[in-house]
Amino acid sequence: MSKDAYTPHPDRLLPTDPAVREIARGLYERMRDQPIISPHGHVDPRLLLDDEPFRDPTSLFITPDHYVNRLMFSRGVDLADLGVGRGPLDEADSRTAWRLLAEHWHAYAGTPSRLWIEHEFHEVFGLETVLSPATADDMYDAIAEKLSRPEFRPRALFERFGIQVLATTDDPVDDLAPHTALAEDASFTGSVIPTFRPDKYLEPARPDFRELTEALGEAAGEDTSTYDGYTEAMRRRRLYFRDHGAVSTDHAHTDPGTTRLPVEDARRLYLQAREGSIAAADATALRRHLLADQARMAADDGLVMTLHPAVLRNHHQGIFDSFGPDVGFDIPLPVDYVRGVQPMLNDVGLDPNFRTVLFTIDETVFSREIAPLAGVYPSVYAGAPWWFIDAPDAILRYRRAVSETIGYSRTSGFIDDTRAFCSIPARHDMARRLDANHLSTLVAEHRMRHEDAAAIAESVPDQQPREVFKLPSAGTSTGEDQS
Amino acid sequence: MSKDAYTPHPDRLLPTDPAVREIARGLYERMRDQPIISPHGHVDPRLLLDDEPFRDPTSLFITPDHYVNRLMFSRGVDLADLGVGRGPLDEADSRTAWRLLAEHWHAYAGTPSRLWIEHEFHEVFGLETVLSPATADDMYDAIAEKLSRPEFRPRALFERFGIQVLATTDDPVDDLAPHTALAEDASFTGSVIPTFRPDKYLEPARPDFRELTEALGEAAGEDTSTYDGYTEAMRRRRLYFRDHGAVSTDHAHTDPGTTRLPVEDARRLYLQAREGSIAAADATALRRHLLADQARMAADDGLVMTLHPAVLRNHHQGIFDSFGPDVGFDIPLPVDYVRGVQPMLNDVGLDPNFRTVLFTIDETVFSREIAPLAGVYPSVYAGAPWWFIDAPDAILRYRRAVSETIGYSRTSGFIDDTRAFCSIPARHDMARRLDANHLSTLVAEHRMRHEDAAAIAESVPDQQPREVFKLPSAGTSTGEDQS
Amino acid sequence: MSKDAYTPHPDRLLPTDPAVREIARGLYERMRDQPIISPHGHVDPRLLLDDEPFRDPTSLFITPDHYVNRLMFSRGVDLADLGVGRGPLDEADSRTAWRLLAEHWHAYAGTPSRLWIEHEFHEVFGLETVLSPATADDMYDAIAEKLSRPEFRPRALFERFGIQVLATTDDPVDDLAPHTALAEDASFTGSVIPTFRPDKYLEPARPDFRELTEALGEAAGEDTSTYDGYTEAMRRRRLYFRDHGAVSTDHAHTDPGTTRLPVEDARRLYLQAREGSIAAADATALRRHLLADQARMAADDGLVMTLHPAVLRNHHQGIFDSFGPDVGFDIPLPVDYVRGVQPMLNDVGLDPNFRTVLFTIDETVFSREIAPLAGVYPSVYAGAPWWFIDAPDAILRYRRAVSETIGYSRTSGFIDDTRAFCSIPARHDMARRLDANHLSTLVAEHRMRHEDAAAIAESVPDQQPREVFKLPSAGTSTGEDQS
């Protein structure tokens, strides 16, 4: 066997103890072939509408993936050499970027990025070598050749991946034309649904707040020069999204505060924000009020509200100026969920039509805040690990931190949160293996009956996210009755 | 074997590796049959004084247990249907509540509540089936039948459980008549001791602060219209408790601040608090001063001071208005112990008569704050995991976080903190199994000699809490010399 | 075999599963005999310059080791009885202190201090018994006898330990004469380099700030009566240190804030600080500015900047008054790295000449802050666990928390941070065993190829710290090419 030979091991991510691994294998078997439900992610819907071939290995694996870019940047690679902030790379530059990845590939050992990409190399592209300077060109060529085939176009992969629901992330002023076209396209049977992501329209401190609210008004056919008009415009755009298949809204502010203002204060501060004269503290207060309004609207229109606050975006100004956002310079902050969402939960937390999923990249709140909240409020679910902590040990820490308070039934199911289309099955597969890992250990330690673990394994990939995100039940559900 | 058959596995909660499990079994054997010392809990002393039979399975297992209720509530069950906020349920409603638990029982898989209750089903009531809709009525009937027998009355169970010391939690104005009567009852040989819990009398922001302090004064025979009278009343009531067997006081405020005020400020603010005119910040400052006073009194009277701060109580106002406190809506907050207790420890932290035990439900302080403090101040002990984190993985995280700094000798021993009388042996048994788990892994990794692990196992259930809580040594101690 | 017989197990700290342990053994073999690189510690350079025999077992193992003293103090032993705050102990008192350690030795079971010291007993002194009251005197005598031999003098041990680089910690005004003498001593071939530790000169709130800055000015030959003179003095002293072999500076303030002030404000506040009239908030602001200045100087002179903020020093005033600093009363605080170092990283974080290593004893920032920062900024490395968390479980938590984001290549390598010279090999050995433990588990779970784990094992003890701390490459490197 060549020293370059490599395929992912079928037992990867399962426990090492032979007896426990055997239990884990059985639980994983119950999950492995279930469909993929992806209620939150960042794939562009035009990818599936246009169904154009992927351009080349670099634009597929490197340029848009800030997990991959950031580690290379920290090791001295220029972001521009990876295609970041540039248009499409030509063949030579694309291959050069690929060789850079190969050269640094050893530094990704043990990271989820490497696990995902090696899963893709093997399961999607059928490769059986490890990426290295020695194999880089051959692997590049092999992938490039595959990408030219019809069965590697996005729609074919969508079907092959077993994706049943794929949610995108969309601007409130978006007309959702790609979603409409996809829904009307009889040749495409998947479900690609939008998600309402109004973050920037809720940030009164932004210098472009007037322009943003103007655009919102235009999209909604409302005069947004006042708070009341803005609110009505939001309500209409949410309904527009819901009418186009959306099941959720997504919110990521610096904190999860939801304190309401007296309405006259909200009206006054909104005008100041439009004029660009709002004070920093008032802008924060108004933003929290506007988020609380989103919760009220959610109780009306039934869209599930996902929160993932507390990231300091664009930590380095120079990088932001050169390359823009989303290039790996967003760094997590501590979060205070308990006080942050208290006003919102006192307002609508017992409303049967309201539902929220709390995500975090501050692990300290799993056992301290999120599980205690999700274990008492019927409207609250504990979100899966996200972003930096969408990784094997972190996912196990999450299950071990929350399931002692809330079991599995008050958790969101797995969320891939990715813009890397081909990594979707790898990520869901990793999550299933880790749930099998966690559950098998509970069984082996006689903390859970095998029957209960098996029922959870049956329900967690498909039934659980459908229930949490109010998606229609699958006709093909294989879930056992859990009673 | 029927598919409903189920009994807890004798090796539950021990490590999965066969060689390590063998070590763990041996260590657990040294702990299993030791008596139960319960230096903090919420059992009503009248339960043992009156020795009435338990009413029915629902009032025993469901209604008073907010761990159980809160998860069902989050899954859509009305608290009232579980008996919360109502008087005793009639037979039909009690059975209906029981069937609700059976219906949702699968959602408790992996939680400590389920482990405790299944322990009780088997070890206390001799049941050998799993709770489910199919078995609910039979199990209800079997438990109800047992409850009518003399050997299932509280005193009989107290003896059968091997409880040697049971501390209750009591109001400072309580006359402790049940404790006195129990102590004088020659037919009852157990030790049921009160605990002084003055929280509400230390909260100057409460609207009923005047009424509370009046009641305190009446109980103490002191005029509490001034700070000095209040302080003297506190001192007297603490002595009254100590004279009735109390060994500790318990304190749970929003933060563990203990900054002292100049006495003239304390006097002035106390008057304002009595008049209801104290400002919020001043009320907090006075509360911290009053807690610091409790520490001084503790250095005088020798009562051990247990702290478990940083919980946001009654997170939802509507639930509080309908059902009152302690129904599952208390959510943990981050805690700052290092600065909080610094004034108190500078004041009395080296006093040989002073002792404090620091509990938390914010796990981040175990390695960062509590272990470093308990590993240097002779007066400070690290409290066992409490409340949401009284659970297998959390308990192991605690041992792994603190024992590298302070071993076992600076920890409190297990605290069940429960109002569910029948769960006491289940909880202590879980803690013993988990200590065996932790210690056996250290032995197997050659990080601790087996002899040392065995000596710790001998001492941790009985000798350790007796020493920390200044309880008289057991005549029946089986502990080996640790030298 | 006597019941007192004891030697550390060759497989200690490796995983318990037999198959995983076998992998771990192989990885550990690759690290075991590599040289020791110690880029940060507190050994006195005169120890090696003078090469006097160690005085006695107590002054070697007890008196200067606050890890050891603090736990005994918490158990009721007087610090003075351990020699703290006194001159050298006479033979009787030294032996008495040793017997105290023996008496309390069981309480250290499971702590790293005990693991280190038992390693030293066996590997350095060849003892084969466990410390206890029964063996105390014999072990004392055996060690004392060894200490009188030439092969137990510091230089002989330095060579035997395989130390290639040992960094000390030094005051900016130090003339580094011992370092110079050592470097010029042809009979000593080791590398003992200074570290620039300017903490106290950056604390404008200190009452002795004027005296300190005067002394700094004198050492530098600069007039430090102004901010500009002070800055120039700092620059010169840093260069002096660099010219004497220093590769890094070390900084430990209450927070890692690095916000710059307008230079005129810095000048004005500096004068106020010199006069002792600076307000507390201004002193904090100036300290953060001065730390930001150190970062700028680091970008100029290339010295690596190590940060380990957020410790509340001298928690008990009475102990400080009696025994001074560094006796175990420093307690960790939460740290905010993300906002703290943002100004500094925006200023020089992309400068190829700037490098910083972020240490913490607040474990919550490993996955939330440090790994995300080290995984994108080329200048940032994640520091190894330090101080209270330089312990087996904590080190494994660190690797599991950071390596999913940054692998091993963005981490500092092991730092012993010790003043206990004889514990240096024990600490490095522990770290190597734990890295083998972590890596072997990744291999056994098929999360990392064995080849990649082996390459990391080869590089982590020697090559990694040399690279991070800009030390010259070893001629004797055994590292494989990682490509």
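Per-chain residue numbering starts at 1, and chain names A, B and C are given in the order in which the chains are listed.
By our rule, contacts are C-beta pairs under 8 Å (C-beta built on N, C-alpha and C of every residue); 3 or more make two chains touch, one makes a residue touch a chain.
If you're wondering where the values come from, they're calculated on a predicted model, not measured in any experiment.
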Overlaying chain A on chain B by their Cα positions calls for a rotation, in degrees to the nearest 5, of 120
Taking shared numbers over all numbers used, above half giving same and below half different, the chain A and chain C interface sides are different
Per the C-alpha means, the centres of chain A and chain C lie apart by a whole-Å value of 40
Chain B touches at least 2 other chains through residues 15, 17, 334, 364
Within their complex, chain C touches chain B through residues 6, 8-9, 11-18, 70-71, 73-76, 103, 106-112, 115, 130, 132-134, 312, 315-319, 328-329, 331-334, 361-364, 388-389, 391-394
Note: in the complex, chain A contacts chain B through residues 15, 17, 19-20, 334, 336, 338-339, 342, 345-346, 349-350, 364, 367-369, 371-378, 380, 400-401, 403-410, 441-442, 444-449, 452-453, 455-456, 482-483
